[in-house]
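Read through the structures below before going on.
Two complexes are shown next, each including chain A; its partner changes from chain B in the first to chain C in the second.
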Partner chain A sequence: MSAQDQISAAARATARDATFARPKFVLIAAGWLVLASLPFWAGAYNIATIRDVLLFGLFALSLDFLWGRTGILSFGHAAFFGLGAYGMAIVTIKLGLDPASASLLGLLGGTGLAMLAALVVGYFLIFSGVRGTYLTIVTLALTVIAQHIAIGWSEVTGGDSGLIGVPPLTFELFGWRYALSDPSQFYWFVLLLASIILLVLWRVLSGRYGHILTAIEDNELRARTIGHHTDRHLLTVFVVSAGIAGLAGAIYATGTGFVAPDMIGLMLSTEVIMWVAVGGRGTLVGPFIGAFVVWWLQQKISSIDTKLWPMFIGLFFIAMVFLFPNGVMSLGERGRQLRARLWRRA
Partner chain B sequence: MEQGVTLILNSLTLISILVLVSLGLAIIFGLMNVINLAHGEFVTIGAYTLALTQAMGGNYWVALVMAPLIGAMFGLLIEKGMIRYLYEKPTSIILATWGLGMVLQQGLQLVFGAAPQRVSSPISGAVDILGASYPAYRLMLIGFSILIILACYALLRFTRFGLDIRAVIQDRSMASALGIDTERVNARAFALGAALAAIAGVLIAPLTVVIAQMGINYLARSFFVVIVGGIGGVGGVVAGSTLVGGLEGFMNYHLPVTVSQALVLVAAIVIVRFRPRGLVPA
Partner chain C sequence: MLNTTSLKAAYGAVPVLLGVDLALGEGEILALLGRNGAGKTTLMRTLIGLLKATGGSVTFAGADITNFPPHDIARRGIAYVPQGRGIFPKLTVAENLELGTRSRPDGRSDVPAEIFDYFPRLRERLSQSAGTMSGGEQQMLAIGRALAGDPKILLLDEPSEGIQPSIVHQIGEFLKRIVADTGISVLLVEQNIDLALATADRCIVMEKGRIVREGSVEEMSDETVMREFLAV
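Let's look at the complex of A and B:
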């Protein structure tokens, strides 16, 4: 180990200690504990709702991984979420397998389908140098088409009404079968899964790989010149992101018990962008917070009139671009800066 | 033979519409490297202009003249009020115009209601072409679109405004250095694109269901056109529209609509792999 490596290792260790001592980290840990204890004090309905919001948060995390770390905005991420959900539903309902193998196959099939779609689309686009807005509009087209197929191909997808009767997740290990039909256990499973994925992504991105991605976002040509296979990195991130979205979709379908075309469509693609934007792009924890805040807002606004919600989203997007381009959370940061400046002047 | 003629004419109808909708999108993309996701709403605005004009007892041709004016006005308003401030941030433009599109859709729905609007075509009846009987209105639509496309080509090729647009597409800073007011070119091109989309809206209104969300279908397709055809010129848009519209027209004949749309998307993506700058790069 060279001297420089030692220095940087020491610096990293201090940085890590600082991370765990920061108030933000304490807040997140407290929030997690509240979430983990939820089944002890909340009703079954609320548990199921928060579970769905957590899955939406996981879905938002997958977009944040892509958008926040590579700058590629996918406008069709619901296509991957929906592929996961539909994959799960089709495998468990249409194939007539035994529940345990159907669940596993559904998870693999749904996630795999999403990753395969991302791999094909991503390979053709990313390797031909398609970037930025171009990539965004192709993903937008992808979700439009996916929704068309979900509505039109009714023999397989159930058309407008979707498919009903997705069984709860069932696992089988050495002849011991376990169905996650109890709401609390299913909830904990989702929370655990989301936390693990969040931690793994955070760990990976705070290391060398995160720096490579940041370098690509900053200046892809330069990153390529130093010798990074930028195409391959971007494709990997795209596919992994689609896989996480598909996984969230597949599990979501087992929770609700049905799939419908709005799980794959444009509206959901739009909403997930909003969750990430509200929570803060590139923060990884933010998307979960964003999903909670926006979901709560949606309940409030839709209870006045359901038609107001799309209008609100539209206005939000316009306001975001002009007022808080770095996410709603950045407003707090700006407020702090402003206060600090006033304080100094006084 | 008759079926063949009908098939070709159906494809031509779709192609003409696609060219009209995509032309504005392609020029704007070529000029400013931005994607206007509210572009589909210009089509909707055109169709609603027709519905409103006819509801007030006006005639189709009045709407056909009014729609591009209203569309251009909206386009100018959006460019001046929003897009102008965001040129350096393409992703922000995508988000902002998408939001704007949603607001416009909801606004139209609030004012006019969710039910489809009533529109009627100005001419009815059918014409015999090579043994096939084809609706006269669709023939008029094709002819009219060809005229507009030719006019656009002439505008870009032979006028001062067209020269400015082509210069800015080639090299913005050099054009600016030579004294071209690039901001004005932007604004005018934006208005032109909106006007073309609004005309397309009037033309297709009698053939489809006029609702506030109708724009999105044309938006997605015109993206394929722009991606496949290449940005910035009439040639690319015509090539892209012919490919996308022709492919969809032919496949619709044999396959379910959803399958053919999915195949068109696949074709578009594969073509981009081999011709990243489109079939006819500007």
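Let's look at the complex of A and C:
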């Protein structure tokens, strides 16, 4: 190995460790401040929209935790988001509890339902050695089944039209009751929650546990032969990921006030994969950016002509995979690469 | 230390191990020789639990560990270095070593310093991505990572494969030193007869899923024996 090889190899290693290196970190911090100050300068409609984008970002983060770190692609992650949303709606609308306990029970029920489903499905799949494409196909089936149940079991789920009238999140602490009906406060609550979950995941994944997951993605059999119980690690990540997706879904339902079958179906499962891919798989912050970019493009393009959007998003996705396979988080680096390649040709 | 009695294993319907009897003693380096396709790697994979045995048994330190899951076997003290290294290329040298400590019996997670006495090169490269190292360095890392788990037995599958000759010789020296210092046992699968004979205390030869010959290094060094069992 020549000295130059060594230098570039060392640089690659540092670049990988420095996902949160200074310029990127400053950008992320600046973006966060803009988001945090949004209620002071944006209208109520925009606040609510960005709040939903943040929740979709949180949902995408849950998939990135699974897909980006273990390599397992779930094609049915909307099933967990939808279970969270439907769990929240059913508890708050159908059970007739008082608002504070209904909200809390809805959050716990929705998230718990998603985690339970992931635990049962994940246990049988992961512990029996199902991996790769086969695992992806089963998760795909899961979201299709979930959507059929959401449409078919109309006494509970409201069928095609869904359930309307999910109340805003209400908390009760030491006898002091608080409903998050004010758009700004609800927005800040969502921003804070998403930030906390992002930071916790980032902390955990930049430590030893993150290395174990990277090792499993690299080569699961090797990780197993040096003493790591890989089945258990993968199941844990799958269940936690489903829990975060369910939580995002439950809160989303309290924001929109209703649930519908498209929150649990295949379309949303596909979209969330796109958000992660656009933002950059394995980057954790990327999924939020991906969700934002796709949402923003949809606004712009649909305002020209609504028929353009589906065609554009397909082409856009193909272009992304070709030009920026590591997502927008690698835009700078990839731009330099592409420029260097053009120079060499010229 | 490690014994197998008429161990059988198969890939699907194709039987590969047809009944292997093997005894690895404490502090012994046992070389497992044989032509391609004799079942050497299959035997290793069955010992570590990556492949289910279809018959016979494996006992380790008096306990029956036949068909235990790999992570369990690893934590009991059997370390496996697969063919073609088996490091995690995306992780750094330090991270690779750290992951190897999972099977330590004392539950500690710091990398034992002795590893750097054996492989000083690894200390220099701690923050380097393992995938960017040379073949020899990767092999050192793979052995170092196996040792980080403080094993009682080291299973080495063709450590000399794809490595420059000077380092092959070094690896043999390392192994002897490690065994002399720590008293672990080594089962060494090798195609490189010189390395095997220079390192091992005893040799066994596998052919078509069975052990067909066993003997001291001196017996095996004999030209006719080698030609009979090992010539391709």
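The rule is short, and it goes like this: the second predicted complex is superposed on the first by the 289 of 346 C-alpha atoms of A that agree within 3 Å, B and C clash if a C-alpha of one lies under 4 Å from a C-alpha of the other, contacts with A are read in each partner's own complex, and residues count from 1 in each chain.
The rule is short, and it goes like this: a contact is a pair of C-beta atoms (placed from the backbone, for glycine too) under 8 Å apart; a residue touches a chain by one contact, two chains touch by 3 or more.
All values reported here derive from a predicted model rather than from experimental measurement.
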item: Which partner, chain B or chain C, touches more chain A residues; value: B
item: Contacts of A:160 with chain B and chain C, given as first, second, both or neither; value: neither
item: Touched partner set for A:124, first chain B, second chain C, both or neither; value: first
item: Touching partner for A:218 - first (chain B), second (chain C), both, neither; value: second
item: Contacts of A:152 with chain B and chain C, given as first, second, both or neither; value: first
item: Contacts of A:208 with chain B and chain C, given as first, second, both or neither; value: second
item: Touched partner set for A:98, first chain B, second chain C, both or neither; value: neither
item: First (chain B), second (chain C), both or neither touched by A:227; value: second
item: For the chain A and chain B complex, residues of the former touching the latter; value: 71, 73, 75, 120-121, 124-125, 127-130, 132-134, 136-138, 140-142, 144-145, 148-149, 151-153, 266, 270, 273, 277, 307, 310-311, 313-318, 320-322, 325
item: Residue ranges of chain C touching chain A (in the complex, touch as defined); value: 48, 50, 69-71, 74-75, 79-80, 82, 86-92, 95, 98-100, 102-103, 109, 127-129, 132-134, 145-146, 149
item: Chain A residues within the chain C interface of the complex; value: 1, 5, 9-10, 12-14, 16-17, 208, 211-212, 214-215, 217-219, 221-230
item: Touching residues on chain B, where the partner in the complex is chain A; value: 33-35, 37, 82, 85-86, 89-96, 98-103, 105-107, 109-110, 216-217, 220, 223-224, 227, 256-259, 261-262, 265, 268-270, 272-274, 276
